[in-house]
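Take this structure, written in structure tokens, and hold onto it; I'll ask about it next.
As written, the chains take the letters A, B, C and D, and residue 1 is the first residue of each chain.
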Amino acid sequence: MVDGHDLHVSVEEFESMFESVKTWGRWGEDDQRGCLNYITGQHVADAASLVHSGATVSLSLPLNTAAGPDNPKPVNHFMTMLADTDIGSDPLRFACDYVGMEFHGDAHSHIDALCHVIYKGKLHNGAAAESVRSSGAEVESIDVASAGIVSRGVLLDIPRLRGVPWLEPGESVFTDELLAAEQAQGVRLRQGYVLYLRTGHHRRRLELGPWDAAVAKAGLHASAMQLLYDRRIAAFGADGDGDAVPNRCDAVVYPIHVLGVNAMGLHFLDSLQFEDLAAACESHQRWEFMTVIAPLRLDRGTGSPVNPIAIF
Amino acid sequence: MVDGHDLHVSVEEFESMFESVKTWGRWGEDDQRGCLNYITGQHVADAASLVHSGATVSLSLPLNTAAGPDNPKPVNHFMTMLADTDIGSDPLRFACDYVGMEFHGDAHSHIDALCHVIYKGKLHNGAAAESVRSSGAEVESIDVASAGIVSRGVLLDIPRLRGVPWLEPGESVFTDELLAAEQAQGVRLRQGYVLYLRTGHHRRRLELGPWDAAVAKAGLHASAMQLLYDRRIAAFGADGDGDAVPNRCDAVVYPIHVLGVNAMGLHFLDSLQFEDLAAACESHQRWEFMTVIAPLRLDRGTGSPVNPIAIF
Amino acid sequence: MVDGHDLHVSVEEFESMFESVKTWGRWGEDDQRGCLNYITGQHVADAASLVHSGATVSLSLPLNTAAGPDNPKPVNHFMTMLADTDIGSDPLRFACDYVGMEFHGDAHSHIDALCHVIYKGKLHNGAAAESVRSSGAEVESIDVASAGIVSRGVLLDIPRLRGVPWLEPGESVFTDELLAAEQAQGVRLRQGYVLYLRTGHHRRRLELGPWDAAVAKAGLHASAMQLLYDRRIAAFGADGDGDAVPNRCDAVVYPIHVLGVNAMGLHFLDSLQFEDLAAACESHQRWEFMTVIAPLRLDRGTGSPVNPIAIF
Amino acid sequence: MVDGHDLHVSVEEFESMFESVKTWGRWGEDDQRGCLNYITGQHVADAASLVHSGATVSLSLPLNTAAGPDNPKPVNHFMTMLADTDIGSDPLRFACDYVGMEFHGDAHSHIDALCHVIYKGKLHNGAAAESVRSSGAEVESIDVASAGIVSRGVLLDIPRLRGVPWLEPGESVFTDELLAAEQAQGVRLRQGYVLYLRTGHHRRRLELGPWDAAVAKAGLHASAMQLLYDRRIAAFGADGDGDAVPNRCDAVVYPIHVLGVNAMGLHFLDSLQFEDLAAACESHQRWEFMTVIAPLRLDRGTGSPVNPIAIF
């Protein structure tokens, strides 16, 4: 028990949560978009109506080429051409580069396609695990979001609510704190919105340096996913990746990903940074904004590196 | 002479054009953002006010992993984990991948940072060519656009103006056609807008198959850059890459890139596809829209793969 | 019928060939080295005794970074550091690079590990196909050859036998020509030897330019594998990759790989070049030599790029 | 002073050492092979005459895909095809992979081309630093060793001499220990030989785990290079990379590389492992053997990953 909350989740409780937030079949047997279906044109237009100052903010980390405790797979960034190369038109030279990355993990801001999370041999909506093959994902790839995810973004800032600079790795956020943050910030999650959950992960990293986030990070308690389901949010982004690690869920190590991506059909945005966003929210005294997420068109991909933008 | 236009540009004429559209120093000696400075918060808010239907469209090609006549550097896309891998939490499995690419060239939708184009040993604004090093770009990297490029996008559709499905490779577009397209479509380029120029490159590719676009593509004639300068546009995207190839400019093989990126400080978006956009414009009977360009945060990069979004 | 040979191989004939050359279980149920077991220390010492002039020759193609008809997956070669980078010890600078490749296919000289070829759900020696996973090969990886393959190499030069510069793509080599080449060159394949089969593939490429070797190349007829089995060779290398493509085998498109790698347990070396070797053999008037094959230690790999050496 | 040796090397002393071991011009102004010129056919034949038992040993580490203190640039190894992919010939499937790496550094066994080390703006033999460009090395690339380096290898085992399991990081080896090791092992370095210097680096790593070898490793003292020069060795390999780090040389941080690669024209083999080799030497009671080094044919490369083989 922590602050009146029971951290432990038994296998039975987890299975019950899974059934409770499951959307399989809701948008048809062949649907591959999951909660993105919640976004209508009206939601997009409403989001645009939030734009007043025109300030824009990145929610992405810079691509990290340096291996470290939370970056076992550093980005490959190589210059492929410099001014030393005559291209046959002499006063003109080009500078070019190569960038490559395994974008999942804890170091690189990215979006998870629905095919990223396999649970009991199934993808979201019941697709077979085997539909993600060595040649790529045949269903539920990030291609479903190729035209961008555009909606109202809402930042729930838990460290702000608690009056701390950041949550410590391993700490869990329960539903009551989400509700309290809504109230404190004067926002309310509704259908089609994109929820950005700030735990202060990146703030801590900036101040204390990197740690192995694969074994310790703050995030949601499994029980909190019911609220995200009830409110019909369209996508979910976190510094960290949404999951509290370690957790006391007996069923799986990443219950939030299983409930969110697999059961609900929610696209996750992992390893974001909200330091610029939090500052912009404070200065605008507004914790909602237009957000635009534009994944690369990796049509058999399990996600994409991404630079989500908030527009005020 | 083609239709009353002289295609030939002498070295002297080119140098004169260069001086005429040069913005070096306009935003300070140390400025690295060039024409992005034209975008104010007001432009962003105005762009958002264009959003009504909420329809969103991608202006990017799918990432192309297959080598071909216009794709000598295919994207590396590899699955790094499949459902066959026990991650130590048995009912849960992850599917992951690696993506890598040399994004410049004619196959991959990308943005050119200002440091991409070196002319006579200088980058835009007079920075030394040597500031782009084997370790990456120290100035004018794509990092200057890390918070996204958000503004009003305008599509000028030249094949539509001409009543043809596409321009043939090598054809040039002059100022008069840009003006005529404005008039035909009821739009006008103004400060801070993003110009998307459709030559039908991708339509031709879809119907006739790929060709070596490095040696033949439709684009602007050098003389047309004066209009882009006068109108103070903020960024410029094309199917193809803006340059007519081959051209009859004696000075350089890619005059549009030299005038646009190097002299003017204009970020270019190359190898876009406007087939979905053109259809959306027709159906909305509107050739302007909010556009959001969100490059990856490659902080020493000469650009980034990118998926620009149009929002109606 | 071509020159008295029936090119057609029925499914039944192929299955019979498969059984006839199958070595599964010969070196134990858990063996992963296949025909490499044929090489004893005595074979290595005998091979060394062939060295007289000390001339050494590469049997590898240069790594090919240019996409082309036979190179859909060009090598990634990028400079990662140049003399422009101060490493903190000023008069000293380093030049460094990155090299990456998908080494299988028709463009890059490489060795096939036994796990590369799966037939009817089994690897050589009956291992399950599933033992090659997204995380790499758990059995029969190229790691079994980590200490090198060192033995007597024999070049059988079929164009020399026929008095032509090269075999045309699609042509098949039958057993009688292997025997005739042995006789013409004064060599005899014996246990533990490495057979290099020259079809003149690379000579043709040098003179006529590249073609799509995936659809047309000269190689062995399926019936010729019996001789390789009978003679107990240890490894097999070819310009091309050993298989005649297309062929008239009803069972599979690459019968030589199935019979050789899967049934026999023979490591294949594909896409070699023998132009330097053929010249060296002529000048020494000797078609056998010491050969050393040193794969990279890619311990879960399905093979490796490799530069086999012949020593005279 | 350590054991009567002065560790400190002044700038003047270093420059004097540089001049003393410099071979520039010895093999012609345009020579790119440096000390490889010392190997004649007779040396190759003599090396082969050492082969008796036929035992072969790898001197390479396995390719390391896991980031760690001494591996900031882990190898990219990805499976590109598995048995899940129908290639259009159904009972047959292929398993394929991609391997990519920045091979320099302290984690991956590799060979340094002569162009790897730039000192005062010059490569070995006086070539300009600018001849190594963003498009690759135009001179002194590893291509000069494309036919392999084959000669007599000699292991000098310093921990064996000292009666310790390994040298501690930072410890230096002086000429007298090289001479003592020769005597203890009954070998003598002569023209054209390949010197392998064991410091026990890998043994220490196996027993104590990895450390940041970029800042601490055992190796030669600068003064010891005179012996390598006098004896006219052809190539030099080390666990570690030959340099003692840190050292007390005022001129540069890696004096051994500058003296060896740049002044002498000696190809270095870095980050080897000699544990298998040391055991083989003990069991054969012989510290010399035939060695074959077969770099990949990276014709503009600054080196290559490599798996050197010792044959007894």
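Heads up, the rule we're going with is that a residue touches a chain if its C-beta (ideal position, glycine included) is under 8 Å from a C-beta of that chain, and two chains touch if they have at least 3 such contacts.
Bear in mind that the values here come from a model prediction, so they are computed numbers and not experimental data.
**Q** If you check the contacts of chain B and chain C, which chains show up for both?
**A** A, D
**Q** Mind checking the rotation angle between the two copies, chain C and chain D? C-alpha superposition, nearest 5 degrees is fine.
**A** Result for this pair is 180 degrees.
**Q** By residue number, over half of the contact pairs should agree; on that basis which option among A-B, B-C or C-D is the same interface as A-D?
**A** The chain pair with the recurring interface is B-C.
**Q** Could you put a whole-Å number on the gap between the CA centroids of chain A and chain B?
**A** Taking the average C-alpha coordinate of chain A and of chain B, the gap between them is 28 Å.
**Q** Averaging only over C-alpha atoms, locate the centres of chain A and chain C and give their separation in whole Å.
**A** 47
**Q** At least two other chains touched by the same residue of chain A: list those residues.
**A** 76, 79-80, 82, 98, 100, 130, 133-135 - these are the residues of chain A that touch more than one other chain.
**Q** Quick one: which bits of chain D touch chain B in the complex? Just the residue numbers, please.
**A** 76, 78-80, 82, 98, 134
**Q** Quick one: in the complex, what on chain C touches chain B?
**A** That would be residues 66-68, 71-74, 76, 79-82, 84-85, 100, 130, 133-135 of chain C.
**Q** Contact residues on chain C for chain D in the complex?
**A** Against chain D, the touching part of chain C is residues 40-45, 47-58, 60-63, 76-77, 79-80, 82-83, 87-89, 91-104, 109, 115-121, 129-130, 132-137, 143, 146-148, 150, 251-254, 257-258, 276, 290, 292-309, 311.
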